[in-house]
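A, B, C, D and E label the chains in the order they appear, each numbered from 1.
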Amino acid sequence: MSQQAIFVVAAAIFGIGVYGALSQQSFVMIMMGLELMLNGAMLAAAMVWAMVAGGTPKGQLLVVVLMTVMAVEAALGFALVTGIYRVRKADITEKLKRLKG
Amino acid sequence: MEGGAAALTILVVALGAFLILKGVGDVLNPPRSTAPSRVPFSGGLSPDTHAWNRYHVRYYPMALLFLAFDMEMVFMYPWAVVFVEEGLIALIEMLMFITILLFGILYTWREGAFRWS
Amino acid sequence: MIADAVFWILAVLAVFSAWRVFRTDSMVRAAYWLLVSFVGVGLIMVMLKAEFLGVILILMMGGEMTIMAVFMVMFMMNPAGLNPMIMVHQNRAAMAAGFGSFALLSAVGLFARFPASVVAPTARATAELGTELLGDSMLVFQTAGVTLLAAMIGAVALVSVRGRFGPADEGSDAPEQQPAADADVDSSAPPSSTGPSSSAASSPTPPAPSTTPEVTEGAMPADHSHEGA
Amino acid sequence: MVVRSILARLAKKAPVPVFLISGIGGDEITDRLRLDDRLHVTDSPRPAMILMIAGRLTSDLKYAALQVHDQMAEPRAVVRWSPAERDPAAEVFPHFVAVDAVAAAAAATLAAAAVNTRDDLLAGSFPSSPPLLPDVEPNPWRGVGPWGQGGTGMTGGVPYGRPLPERAKDRDGLQLDQLLMRVGPFLPALPEGLILEVRLQGDVIQDVTVGANPFVEEAVPDSEEEELPAFPGPADLAPFLASLRVPVAVAELELARARHHLRWLGHALRVHGLAALGRRVLALSARVHSQGAGSSNALGSAEVVELRRSLERNFTLAWATRGIGRLSGDQLAALDGGPVARAAGIERDERCADPAYLALGFKPVVYAGGDALARWRLRLHEAEQSLRLAETAGNSMTTVTGTAEGPTGPLGRGPGPSSRLLPLLPELLTGLEWGDAVTTLLSLDLDLREAALTPPGSGVAPAWAW
Amino acid sequence: MVGEALSTAGLALAVVAVMIGGTYVAAVLDVLFTRLTMRVAVRPLAAAALPLRRAAQLALQRRTLTERPDAGTWALAPAVLAALAAVSLAVVPLTGTLIPVEADTGIVVFAAAMALVVVAVYLQGWSPNSPLSLVAAYRFVAEGLSYEIPFAVVLIGTALPARSLALVPIVTSQEHLWNVIRQPLGLPVYLITVLALSFWGPLALPEGQDVAGGTSLELSGVPRLLWRVAQLNVLVAVSAMGAAVFLGGWLGPWLPGGVWMALKTLFLLALLVASRQFFARVRTESFVVVAWTVLTPLALVDVFLAGIQAMVAAR
């Protein structure tokens, strides 16, 4: 359980999140990708707090802020998806592009 | 840390025990079925479609409110630990924070968004 | 030693379940795979002495992922994945970006030199966080409150249909869309979810969609993904 | 094997899980079966061991009974009792335990047979009933589609035998899937025999179609079968139907009314989550029965008063029913009286026209709320009133024939109360959450057996005549 | 190393024993209360044997299937529910010395485990692909999102006088006055929310008669038995936690701590189990509205009152 090991795990989760956010067509699935990226970031932040920064409270605060970001992102994201579905009757990104054109 | 290990052990043991018991039940009486026996029960008639559908969650505004309001807990737990030491300032700050959040509930309630849409 | 083994089990669990999120057809399973990933990360945080953060992450995500599941089921066609489906575009580019960011970040983690300053075993992490929130970072704390309030009001105002700004579904009957109108869309893959669109949907049950063009989309990965689009 | 025998020995004295099906002539027996300590009546056929059929099955009920039979877990068996000497529906159950008893003893005999059959099933000396419906998938699907799951594309085909639900409009503006749910005749929360085709979006009802009444039998003209036996109607309506033709003792009618209301209350409480209390009320209703007319005291009225007092104070019950299932003015007018109308402030009661009742100082009970709450309060109040009337009535007889105030509404004038209520259901239930819809249905006290006396197609000639 | 592992195993065994014992007692209590409400003869021996007999009967059944269920999540749901109940019971100190899991964040662990109950119940209702079961699953999500905040907040209230999230300080902080008196709003709100959490009695929304049993509608045989057991496990866990944080846990005169803890847990368990004989099932929508507009504000008021009280006491 070294710094490096945790960082690699965090990077792997982040990378999967990047893949998901870029490849998925459904808005909600894209949000899952974002959440995974934040998940990886939180793990890295927690590791930095515990192993690099020697337990400064600011490190914990960073994780808390990331969690808040996640909640806000989720709440507004779902609200937007609902609004989009209400009007467009679909929740996938392709449709939006098409409507623009 | 040691507590974590014990908790994890208990979690895994309980999870495993229940899965094993179900497995034992299946060994004792292997499930078998015919197509009519698999029809979901709704009083003796058959449905046309699968039950799984794009389920219209009638309380989705409340679910969104929950997402944001739930975050208050993250702040409240550390606050509770240092409350007595910090004294009045802690009380005032949390009162402010909660009051701000309560406006969210008030707004949602006033919009009638707790009711089934 | 045991701690290392537990860490690696949790790490593999977190990464594996994160990968399963995008490889399962059932929306409920996808959401709960994500939850498993969060639980894995939360438990690793507990091992890192960030006990409170790890547990609260699990607490938050329990609710959040259920809401995630509920919304995904609400808006995805075929939410249980009874027909296999892959709703991806630019798959290869995304894969490359994912691997790229993983490689880059891992390289940073493996080769950059961080100071090693381990948290004191006696630290009262939760109390410190509390003091920080009430003291130095008081503004962060209160800003979070305002941000959350804004999120709540914004979200509820966006979704509620009986708001005071008139019915929210006004104009929701979109005109029939012409898939071919846009050149940048693969014309063999017309809108996938317009099966019973506006006009047809006014009758309660349109006929089975097997004859509508939507069936071509999402059937096979090869047909479907807009690689290099 | 050892494990199994130990478990079987342990299980022997457990109450037998039965799924109750009540056919024609079985309505009173099922109530008595619910009171039997040896049985445990289940909500779903899945955990039941014994399918208990009381009464004669019509052809509509027969298919549903077969379906329910197949849904039960093994080991399972059928125990049945029928009032008819020859029951054509019996032939579909190749293996069953038939109970031969007069109606009065049927419940006790059925319960005893269920216990014996269960013990034999567990001991392995009685074979578990095999599946009865042919093992045919609802739609052929195997091998179709890229993974052989029966569908192609994202929503096409019949994956695993059934299509996926389709989208439909909604009051909320989100066009999500609409689930067609056929509920029916044996769903324990609904009135016996009621079949509904409900379109749900989420848990809100978009559309309701009331299915054919399974208690209505159409005689097959050219069949070799003998004549169908006369349909007796619901048992607890018998004195009221009799009073249409001849004068009947007021005490008898009022006892029957109290019994009906208590019986209804017992079922309603069970559905509202107060199963044990509901059973107590059912037992109370049975006691009113056994004491019969004539005895002027100890009719259980003290218990009813106590019950009423405690239920009036039950705030969760009030909370669960307040404001649910209000009828519009037109709908109330279509009812032409009855408890549902009286619970909405309409003071109409056939008994007011009967001098025998007026002599007893009868005044109809009227509540103002018009919701499910007012209805159960009214019925409880009426039950208490009826018991009082029965106590004071002595030997007085009704003087009016041709019409009567039945426990669910006026009889003898056109269609019966349930026949009047059934057409209102689609309008009434649309837009309600499923749980509220069940509360509404429950509060209306529908009786499909009574509705079968005046089937919708029969026009103006009600079947009261026979 | 070995000794440590042994003591861990011993503590885990203690949790399992309390869980099994508590579940059995809850089942017997339910039989007793049911028969008392029915006003039929109560034979204590028969009542004690009845849960076992019923369980044996279910164990002998062949489990039924539905059309294309999600078999994996269906099998997992009762196991997850039971595991969550076990973890949350494990953080509750049984006596001053018998503490299965000594976590610094005891009530957070408990709240987190209980927050995941929604997942288990939702999966149970979702998996069989059955319409009424699906309705029940979504009902419980509505219920879960409503009770979770007041539930966690009243627990935070008990942490204030203790200045700690760990359970041992929370119990010892009640040495002079139990939290049930000090924070009068706490226990009532807690009991209502845990009724919702264990979907029991008036708040058994996903198992209501109107959905023909809902989440357990399609269950027979062993899975049904496991689901019932897991539900009672949750009741036991929340009773034990309620006894620890509101009724002073093992504190009490004359009797040994373990006995006090057992008595208090039994008291709360009996209250919870009996509730289903007295209260009709409420409507989902009504519960959601009340949980947000009454229970949540009440819980917050409780926390602030507890805070002021703790601050005054610390002076």
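The rule we apply is simple: a residue touches a chain if its C-beta (ideal position, glycine included) is under 8 Å from a C-beta of that chain, and two chains touch if they have at least 3 such contacts.
Bear in mind that the values here come from a model prediction, so they are computed numbers and not experimental data.
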Minimum number of chain-to-chain contact steps, subunit A to subunit E: 2
Length of the shortest touching-chain route, subunit A through to subunit B: 1
Interface with the most contact pairs, given as the two chains involved: A-C
Chain whose averaged C-alpha position falls nearest the assembly-wide average: B
Reference subunit B; chain at largest CA-centroid distance: D
Distance between the centres, which are taken as Cα means, of subunit E and subunit D, whole angstrom: 35
Intercentroid distance (Cα basis), subunit D paired with subunit C, Å: 47
Centre-to-centre distance between subunit D and subunit A (centres being mean Cα positions), rounded to whole Å: 53
Chain centre separation in whole Å, for subunit C relative to subunit A (CA means): 7
Residue numbers of subunit E (touch at least two other chains): 59-64, 67-68, 103-105, 108-109, 111, 126, 129, 131-132, 138, 141, 145, 148, 152, 165, 212, 217-218, 221, 285
Overlap residues in subunit C, where contacts from two or more other chains coincide: 47, 49, 51-52, 56, 59-60, 63-64, 67, 70-71, 74-77, 80, 82, 126, 129, 131, 133, 144, 148, 151-152, 155-156, 159, 161, 168-169, 172, 192, 201
Multi-chain contact residues (two or more partners), subunit A: 64, 67-68, 71-72, 74-75, 78-79, 82, 85-86, 89
Chain pairs in mutual contact under the definition given at the outset: A-B, A-C, A-D, B-C, B-D, B-E, C-D, C-E, D-E
Subunit D-touching residues of subunit E, taken from the complex the two chains share: 33-35, 37-40, 46, 49-50, 52-54, 56-64, 67-68, 131-132, 135, 138-139, 201-202, 204-205, 208-213, 216-221, 224, 276-286
Residue ranges of subunit C in contact with subunit A within the complex: 3-4, 7-8, 11, 14-15, 18-19, 21-22, 27, 30-31, 34, 37-38, 41, 44-45, 47-50, 52-54, 56-57, 60, 64, 67-68, 71-72, 75-76, 87-91, 93-95, 97-106, 108-110, 114-120, 123, 125, 128-129, 131-133, 137, 140, 144, 147-148, 151-152, 154-156, 158-159, 168-169, 171-172, 174, 177, 179, 181-185, 191-194, 197-198, 201, 226
Partner subunit D, residues of subunit C touching it in the complex: 74, 77-78, 82-85, 161, 167-169, 172, 192, 195-196, 201-202, 204-206, 208-210, 214-220
Subunit E contact footprint on subunit C (complex, rising order): 26, 28-29, 32, 35, 51-52, 55-56, 58-59, 62-63, 65-67, 69-70, 80, 82, 126
Residues of subunit B touching subunit E in the complex: 2-7, 9-19, 21-22, 24-26, 28-33, 37-43, 47, 50-52, 55, 57, 59, 62-63, 65-66, 69-70, 72-73, 76-77, 80-85, 87-88, 90-91, 94-95, 98, 102, 105, 108-109, 114-116
